[in-house]
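Okay, structure first, notes after.
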Amino acid sequence: KDRARLLIKCPDKQGIVAAVSTFLHEQGANIVASNQYTVDPEGGQFFMRLEFEIKGLSEQVGQLKEKFQIVAEHMDMEWRIAMMSELKNVAIFVSKEPHCLLELLWEWQSGDLLANIKVVISNHETAREMVEAVGIPFYHIPVTKEQKKEAEEKQNQILKKYDIELIILARYMQILSPHFVEKYESKIINIHHSFLPAFIGAKPYERAYDRGVKMIGATSHYVTNDLDEGPIIEQDIDRVNHEQDAADLKKIGQSIERRVLARAVKWHLEDRILVHGNKTIIFE
Amino acid sequence: KDRARLLIKCPDKQGIVAAVSTFLHEQGANIVASNQYTVDPEGGQFFMRLEFEIKGLSEQVGQLKEKFQIVAEHMDMEWRIAMMSELKNVAIFVSKEPHCLLELLWEWQSGDLLANIKVVISNHETAREMVEAVGIPFYHIPVTKEQKKEAEEKQNQILKKYDIELIILARYMQILSPHFVEKYESKIINIHHSFLPAFIGAKPYERAYDRGVKMIGATSHYVTNDLDEGPIIEQDIDRVNHEQDAADLKKIGQSIERRVLARAVKWHLEDRILVHGNKTIIFE
Amino acid sequence: KDRARLLIKCPDKQGIVAAVSTFLHEQGANIVASNQYTVDPEGGQFFMRLEFEIKGLSEQVGQLKEKFQIVAEHMDMEWRIAMMSELKNVAIFVSKEPHCLLELLWEWQSGDLLANIKVVISNHETAREMVEAVGIPFYHIPVTKEQKKEAEEKQNQILKKYDIELIILARYMQILSPHFVEKYESKIINIHHSFLPAFIGAKPYERAYDRGVKMIGATSHYVTNDLDEGPIIEQDIDRVNHEQDAADLKKIGQSIERRVLARAVKWHLEDRILVHGNKTIIFE
Amino acid sequence: KDRARLLIKCPDKQGIVAAVSTFLHEQGANIVASNQYTVDPEGGQFFMRLEFEIKGLSEQVGQLKEKFQIVAEHMDMEWRIAMMSELKNVAIFVSKEPHCLLELLWEWQSGDLLANIKVVISNHETAREMVEAVGIPFYHIPVTKEQKKEAEEKQNQILKKYDIELIILARYMQILSPHFVEKYESKIINIHHSFLPAFIGAKPYERAYDRGVKMIGATSHYVTNDLDEGPIIEQDIDRVNHEQDAADLKKIGQSIERRVLARAVKWHLEDRILVHGNKTIIFE
């Protein structure tokens, strides 16, 4: 189609909306949706997301970008324009637990997750069958302490080969090296099996059980080199009670993880997320 | 302060956002928040809400309105500009059950409900003490079939006297006459004690109990002359189970009613609601 | 294992709990879980669910039942004892939309749905592949007005062949005949795509959209011959807003349907549901 | 009335339910509600809550307790029998923020909180007027580092004078001394303004804002001498987004605190909570 999304981040000042909307109007655009947010109206940061339609846009999006660059420079903007018809290339990393992977594959098959899932990479063979059954290439790359670097090099080659724009850690139980993470800033989404910042680190369900909490949760966030400290995209919780033991919490938690990760991934794919420091601005 | 809200409703076409934002920019405005919605991008209806700030606006808002009228006519807009510092004049109608009234008074006292609550009108004496305790005039106007007309005339005089812009039916158990309702289109908010359209009409908790539902709810809506059929503003629910009888459901329901009505009223007071046919567009 | 569930329904009177627990104690049982409910302590109906363990129970459950019958007669009980190791035989009926079927198959594969899914019956071919892929027999039995009776006879033969104890209508878009329904009282679970009793009947999402509701839901209930009026087992809802059209509501609704049906089915499989008139008592 | 609650905690073994229910049957009791829980069926701890009715119980509850002591000793039970007609004596501690106190007073006035609220104690004068307005004695006891001991002695005298059985810390911003806390084991309920164990300690809303969480919560727990580490009774959360600043989170959080504390207090007053180590077993 001829629809695109424009995302903008710049220092707040008067006239931004006027400049952008006038520009789009002059290009013959119909603005279909628009969201904006200012951290602090006095000298703060301004964020904007627009969906617009221009007849014949797909053939001339290059020119549009060139023209917009002039407006953008004037306003000191970081920006991007993404055609809605161009799906993002996605890689999924998984270890042994398949529930998050399965949820993503399912939603992808039913047309609810608009992405090109190009490849699944795992440090185990467990998920091979279910991945190949839906026609997606599966790579088994074992990771040990000793050859972590080599493993990441192999992963990188695959990511380059498929021109990957988003990496989803769907319960991938390895810590990525700082070097790797830096290459994919705001492009790696992880699902953590706790209601962060509660139970940072390992074995959150066991610790939630030990603490006797009445709700457990899951958190989806962008990966940074501060473990479990990256910008939070989405969280959700479910009630539990004294009758549930740690194994029950884990089961319940898996269903929370599925929906939290799926939501975060969709928002990313629809260009609804802007990162500001250690926080996310989400234009739902 | 110098902040205002602009609400717009017009046929969708290209250039609306550009025209409005350019106009505001020319007036020296900083757009602080902006939301829009189009029912159907092809020939549908366009809705917009903007919050903006102009230095010295409070002294010159009249001129601003005059100038904007030219833009508005051009685009065939229905619109209004409301200063954020000018609170709306509100009347609350109540019968015997005070829980919704109390919630509103409480939030008003704590500064969470930004309105001028000018008057409480009731067909019973029950609420007099709690209303007068917080310094709001209370009028007892009994309503019977025979003298409903006279009662509504009295109510109307009071509403005029206090220049009322919003009527809240906080569990007011009388049906207003069509004549009365027409005068206050989209300006009367009711709380219905069921999850509409389930259990339209009387005794919803008893009927919910008889049906064995597992969730009960409440619905806040604008009053029209189709009973319980006006545009829905907000709904919420709580879980119930077999152990709760009709009296329990009523108790649980009252707490839902409190929060649903309070939310709906706040959105109205913040000019977040636009009515389109029998639906509401809510810019949260 | 040696665990079983005892379900009891009888007129309330003094001494029921004492009689049942003394009986179980005498048989060497350890009571692991116990729930009870009385509709009305004065002359009402009494309901109870116990989980208990007796060493070697699996070899002697027949004798236990015979002995308990004496207690039961004395107290005028309807009752049943179900070994926890004996999974129920289940048939799933489906039409074209596969989301509820898929959820059930998935949870069954991951070990979360403890049942023998013996067969899937459909009036369309759509689901054949996904059913046969997991090794479950699939029967395509077309249904038209003219040959509905013949179709139901075929269905019945299959149900008998597999000794089916629970039928799940996982979005099966045919109305079963009264004759069929009577044979499976409290043994057919349906998922209705609305928050009953709102939007009884056809096209609930379209009607929810037209009414402008702010929440949509789904309802799982036992099938009776009053269409959409059977005892409600479970309901759930999600928020929607003005931006979602009828097609969006349908998508959101499907995810509600999946979880509501799965929960209802699990409670039935774990003998947690007792039917009382048109209501369910659920011992969670 | 003639209803009472029996609470039991003892090592699990066969025959407990039989012994208790047979005893109650012999006393002419009708068991109205019953819940039980075993931490581990093999040699774990057993917990039980029964509601029962015996004609004329109010005159003979002393004898009943004496008789039950024999059963209890046999089974090594900790137990208590509480008449439902005997309301617990409650003291509320508050500092400056009145929202939790107000919620409790309100529910108490409307008959939803069945307790004798005997006294409100505060280290500030802020709440005096609203407390005395409903006829409850208010004591202002300032607390400083230097005279904390003296302050607690005064508090203690008041608590003894009114024979207080439950202390509610309704946003009381002082840490009680170990000596004080020990005297009221499982009898002091606190509301913490975060979703524990996230944001233990001071300024949780500010820290939640800084971390960019998408949900904030509140936690009600029994007070122990490990700050914010006592057994959790209830938790709840609400969604937040990037548009809300720390002050907004605080506002939203206050409404969560109100409902979480009120629920926890009700469960305690209805003898629904049993403490097991650092966890609560709640028979809802």
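Just a few scattered comments:
When the chains are written out, they are named A, B, C and D in that same order, and each has its own residue count from 1.
Note that contacts are C-beta pairs under 8 Å (C-beta built on N, C-alpha and C of every residue); 3 or more make two chains touch, one makes a residue touch a chain.
The structure displayed is predicted, hence computed values, not measured ones.
Listed options A-C, B-D or A-D contain a single repeat of the B-C interface, assigned here to A-D, on the basis that more than half of the contact pairs agree by residue number. Per-chain Cα centroids separate subunit A from subunit D by 42 Å. One inter-chain figure worth recording: subunit C and subunit D are separated by 37 Å, centre to centre, where each centre is the mean of the chain's CA atoms. For subunit A, the set of residues that touch two or more other chains comprises 37. Because contacts link each chain to all the remaining chains, their graph is best described as complete. Within the complex formed with subunit A, the subunit C residues making contact are 99, 102, 106, 110, 112, 251.
Of all the residues in subunit C, the ones that touch subunit B in their complex are 37, 195-199, 210-215, 217, 231-237, 241-243, 276, 278-282. Taken together, the subunit C residues at the contact with subunit D in this complex read 12-19, 21-22, 24-25, 28-38, 41, 53.
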